[in-house]
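There are structures below to look over.
Here come two complexes built around chain A, the first alongside chain B, the second alongside chain C.
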Partner chain A sequence: MIRKSYVIKHWQLYAMLILPLAYFIVFKYFPIYGVTIAFKDFNVFKGITASEWVGLDVFRDIFSQKSFYVALRNTFMLNGLDLLFGFPAPIILAICLNELRLKAFKKLSQTLLYLPHFISWVIIGGIVYQVFATNYGIVNLLLEKIGLGPFPFLSDKLYWLATYTSVGIWQSVGWGSIIYLAAITGINKELYEAAEVDGASRLRKIWHITLPGIRTTIIVLLILKIGDMVDIGFDRPYIIGNVMVREYSDVLSTYIYRIGLQSGQFSIATAVGLFQAVVGLVFILSANYISKKTTDEGII
Partner chain B sequence: MERRGKFTMFDVINTLFILGCVILCLAPFLHIMSVSLSSNAPIMSGRVTIYPIDLNFDAYTRVLSDMSMIRSLLFTILLTLAFTASAMVMTTMVAYTLSTEKLKGRKLFMLLIVFTMFFSGGLIPEYLLIKSLNLLDSLLVLILPGLISPFYMIIMITFFRSTIPESLNEAAEIDGCSDFGKLFRIVLPLSLPVLATLSLFYAVGRWNGFRDALFYITDQNLYPLQLKLYQMVMNNMISEVTLAEGANAAAVQYLPESLKAASIMFATIPILIVYPWLQRYFVSGLTLGSVKG
Partner chain C sequence: MKALKRVGSVAFAVMLCIALLVGCSSNSSTGTGSNTAGSAAKNEKNDSGSKERVTLKVEVFDRGNSPEGMTVTNNLMTKYVQENFGDPNNIDVEFVAVPRSEEINNLNVLMAAGTAPDIIFTYNEGAVYSWAQQGGLMDLGPAIEEHGPQLKEYLADSLQYGIFDGMQYAVVARRVNLQKYSSLIRKDWLDALSLPIPTTTEETYEALKAFKQNNMGGERTIPFGFALAPDSYEPVIWSFIKEQSDEARYLRSVTIGSREYPILMDGHKDALQFLNKLYNEGLLDPDFALDKDKKKKDEHFVNGYTGLYSFDSGQAFGNGESSAVMTLESNVSGAEVAPVLPWTDFEGKNRQPAYNPSGMYIMVPSFSKRTAEAIKYLNWMAQDEVIQYMAFGEEGVHHNLVDGYPVRNSSEEDQKLLYNTGDMLIITNGIDFGSAENNNEYMALSVVEKHRELAIQSRSFADKDAVQQPISFDKPLDSEAKYSVVMLEKYEELLVKSIMSKPEEFDKVYEVTLKDFMDTAGTEVFEERKVAYEAMQQ
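Entry: the complex of A and B
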């Protein structure tokens, strides 16, 4: 009786939930039901429900395909490179920004460094292809003047990895530094004053006060990042990648697009997606568990 | 950190380092802008770096005389406005309701929504859904599937909870204020910062969005700017790089460098124009989000 009267009294609240819940059911939960075609021989004309069950045949199929392992390896490899080089970059930048004495310069630099985060990957891709082109790209033209190159930044697999990684840093380092700058603001000022009295140099203060002060933030973000290892965006590898470097640039998201939407192998592509989602979930949950154990701060 | 003391060697090196970072950050934009404004000969000989040589606006004249480009720009502006408005209405409705602590079933609704942040059906089931709803090649496919971001919803809930005192809510309730009344007279007027920030995030996401259009749109009239730019410029550049050594290099119709650069600038300039005015909202958004901890 009480339960009913609450709902009636606050019918306006529940009325506002109708559309959002319908949204989640239609656009999020229907596709989750659609995942069943990973276990079916999907027939476009029969639809999802009427297609025949085939058990784990589709998975046996993908686990025997070399291209699947290549995409899986590349996903880990590109994410690993981002972790190795892209993760420390914003920490270093935040510390350097924090040490700036000229406040106006600091503010201006921050504003400018955040900008690439708001530029789409298509535009960044356009810039990258123009700047790094082997023939008439400005980087190779300038290198040529000092007698180097030309370097195949976009068409050789190893060079491409470097291009991919550095473009990622260029795009995200400024934005990524915000969270560390916020953490640095939270450090007790008295610690710096005390260190100054003891005659500590700037580098010593960074090493003994700033870095330990943002340790928790670093660890939480690091664990979060490792938890996201299987998850990779579509735009960046798809746009910066090309046929010449596909052996390294084809990741799970682009692989699913290629075999699913372009070749129409719906069941196989769905199974790869399901594999990625499940492994991703396991990664995230373990990351959350580890984060809670080590720093008392969970992500979920 | 306001501290006394003179400008040391450390400060000099550090300032130069940051200056270097800023230059590296801006140089690509300056270069593309310079190429778009230069003539072909100096570009090909590598003399155009970060300022134009042989200043001319030919490339822009060509881009602006391409009606399909203008059309795509206008379409993207309309799409972004329509998407942002609908997404904000939906997100506000769900966030306001779920920020009510006493709501019966709140935990269940929350679980239902948060679960979708960590597990999704994936590209193919989503595509099949869109197809069976007859949404392929429609304006709605660029609006409906992204209406509520659970992440932004959580930011909004956190904001509502932390800025609007419970006592104010109770007082309004005692005065006989309905739930709609509370939303419009108390919650929304007090939440302008979060509304501005999240609108911006939705708008930028839609403006920069590319993959959904690539997956679901084949009708050229419905190409958002990003997909248009990709098909017009990127495809050309990619084939240039990949076919450079191939036998059928002649099969590619090369676009002049300045035209490619002008097309890129055409899509970048709108962002560059709004960015200086709106950037503080972007940054405040990130700190709003970190309240969640």
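Entry: the complex of A and C
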């Protein structure tokens, strides 16, 4: 009874919920119907319903393709590198920014660090080619001046991995640090004062107060990140990648693009997408489970 | 008051739900409705005398180059079409923009959604095949018989390229100029080194080496301007091929897109080994593999770093005052170029690829109800005066008569009307003036005067020993359509990796990457080619 009157009392709030709900139903839940394409010999001119069912044939086809495994491996590899180097980067940056005394300098560097986030990958790709080209790129010209030979930043597979990872960090580190900075502001100032009285150094304070203070945030973001392990953005590998490093730069998203949109094999593309979603779900659930067991914190 | 509010909110929620349901159901009905639309189209096909005003949707490429205030879907030319074709026939012609670079992706989505325009076109054979196979294209044979006499006469032989499995699935445009690739060499460099213009592969190689040793273009000298693009690798590769029979072309080369790749032919490996040698001796741009759009290659040429430069025929001299050669001459004082046939084959001939006399594929999707109107439109376009206007506009306004040929005058008016003439006048690629000589003369008129001789020579070089490609089967091959994108990627990998490998590792790298190509798609494609070839022999 209390519940009912609560709903009636705050009906405006519920009404406001209708639009977001509608969004999810129309754009997220309704299209799930299209997943059936993965189990059909989809003929675009017959439509989804009229196309014939083929059971798991499409999946058999995918799992027999070498290029699929390459794309899958690369997806894990590139995401793994991002997790290893790209995940801690914003945390470190946020802590550094937090330690800055000069307000104006802090604001300025924060703004400058956010900027790359707003640049489209297409433009970043152009810049990367100009900067890292083997013969005429500024980086190699400078390196040559100090006697270090030109490095194949874009054309050698291993160098390319480094380029890919660092460009990614450069692009996202500033933006990623915002959420940690916000978490840091939430830490009780008295803790720092008490530590100071006890004679704790800066590093000690970071280690014992700041880091534990943002632990929850870190864990939540980590779980989400792990859930995204099979999910990889399209722009970055597609634009930064090139023929010479395709062995490493071809990931599931570019694979789907090529097979689905460019070759028009929608069944295969859908099946790979479904596979991605299922593995992603498994990952996020297990990360959450482990985190709950070990630290008592999770997202579900 | 409160009660009223409550009623209002409930009503609002209900309305929203209804709106959603309607949205969903109309969505799903378009998905499944394409079938019925397809059969309905067949019934309506002969219903051309209807008085009702109908809309004909026509694809047009958007290259993002419209003059200010205009779009590809609304400009002076679209108005001309509406006034001269649309209004008299009681048809609203509506143009649908498709971004040039995203053409296939866009068309695939439009076809899948059943919302593609009534007239679609593409150069991509693979896509045409796969739509035809899935039953997505209308058989245009009957409609052409009924509504397209002029079109039939105009296209003549090229129509046959649109017949698959006995059905006229596409109207294939004419292609007037069949020359594919041309090369230029820096004459001033050769003169400075007192070398003749090379006429064989060996001489070319010696010249390239001399360019490098003497740093003719400064520290950045790139003896051979090379990109990861067909205009760079095709001429070299075909000059190494030792097999010429049709049988070899059917059984040991594959068609990817509209090009023939002689992957398994005798000589293919030698070609790549030769390129590998050039690369390792520093005669190619070390970053050539990043240069898929040829921008760097062109940039290096106009800046005077490049010694030998090959390009799509016509490109280097086109654009009048702002042609690549003009730009080079203004950037580098004393620069001089000469047309050259740099590569010779085992017989000493200059075997090189040429186009088939067919242009783009123009099609009507099977769900379209406007087949008759579509053919009427193309038939209207095939009239001399329409071709004349759509290609050259009016005399004195958009073009001037020079030696009896209409030459566009590059005025503002000209740019406004004719900036995308090639994408509007879809039934022909290039304008035919009756003979090869006339066409050459006309081409020369669009080149700045001092380069005319060179341009004509360059074009005649591109004709020498040229072989029209690709060789085609009488029906589309499933595997080629399915793997066209994958094959091109794997082939590029084969090229890049074997060219860039160390000389002593070449054999191994070539073998591994070729095997990768074969495993991913090649074996299946070659098997199907073999079966199709044998069937054709009977």
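Criterion: the second predicted complex is superposed on the first by the 249 of 300 C-alpha atoms of A that agree within 3 Å, B and C clash if a C-alpha of one lies under 4 Å from a C-alpha of the other, contacts with A are read in each partner's own complex, and residues count from 1 in each chain.
Please note the rule applied: a residue touches a chain if its C-beta (ideal position, glycine included) is under 8 Å from a C-beta of that chain, and two chains touch if they have at least 3 such contacts.
All values derive from a computational prediction rather than experimental measurement.
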| item | value |
| --- | --- |
| Chain A residues touched by each partner, larger count belonging to chain B or chain C | B |
| Chain B versus chain C as contact partner of A:I32, first or second or both or neither | first |
| Partner chain in contact with A:L142 - chain B first, chain C second, else both or neither | first |
| Touching partner for A:V7 - first (chain B), second (chain C), both, neither | first |
| Which of chain B and chain C A:N242 touches, first, second, both or neither | both |
| Partner chain in contact with A:T134 - chain B first, chain C second, else both or neither | both |
| Partner chain in contact with A:F266 - chain B first, chain C second, else both or neither | both |
| Touched partner set for A:A104, first chain B, second chain C, both or neither | neither |
| Touched partner set for A:V197, first chain B, second chain C, both or neither | neither |
| Residues of chain A that lie at the interface with chain B and also at the interface with chain C | 12, 26, 30, 47-48, 129, 133-136, 154-155, 242-244, 261, 266 |
| Touch list for chain B against partner chain A, complex | 1, 3, 7-8, 10-11, 14-15, 17-19, 21-22, 24-26, 28-29, 31-32, 35, 43-46, 48-49, 90, 93-94, 96-97, 100, 102-104, 109, 112-114, 116, 118-129, 132, 144-145, 147-148, 178-180, 204, 207-211, 215, 226-227, 229-230, 233-234, 237-238, 240-242, 244-245, 257, 260-261, 263-264, 267-268, 271, 275-276, 279, 282-283, 286-287, 290, 293 |
| Residues of chain C touching chain A in the complex | 6, 9, 12-13, 16, 20, 23-24, 27, 31-35, 38, 104-105, 108-109, 111-112, 114, 126-127, 130-131, 134-136, 220, 228, 285-287, 289-290, 292, 366-367, 482-486, 489, 492-493, 496-497, 500, 519-520 |
| Complex contacts: residues of chain A adjacent to chain C | 8, 11-12, 15, 18, 22, 25-26, 30, 43-50, 65-67, 129, 133-136, 154-155, 242-244, 246, 258-259, 261-266 |
| Touch list for chain A against partner chain B, complex | 3, 6-7, 10, 12-14, 16-17, 19-21, 23-24, 26-35, 37, 47-48, 93, 96-102, 105-106, 109, 111-116, 118-123, 125-127, 129-131, 133-136, 138, 141-142, 144-145, 154-155, 170, 173-175, 178-179, 182, 189, 192, 196, 201-203, 234-235, 238-239, 242-244, 253, 256-257, 260-261, 266, 269-270, 273-274, 276-277, 280-281, 284, 297, 300 |
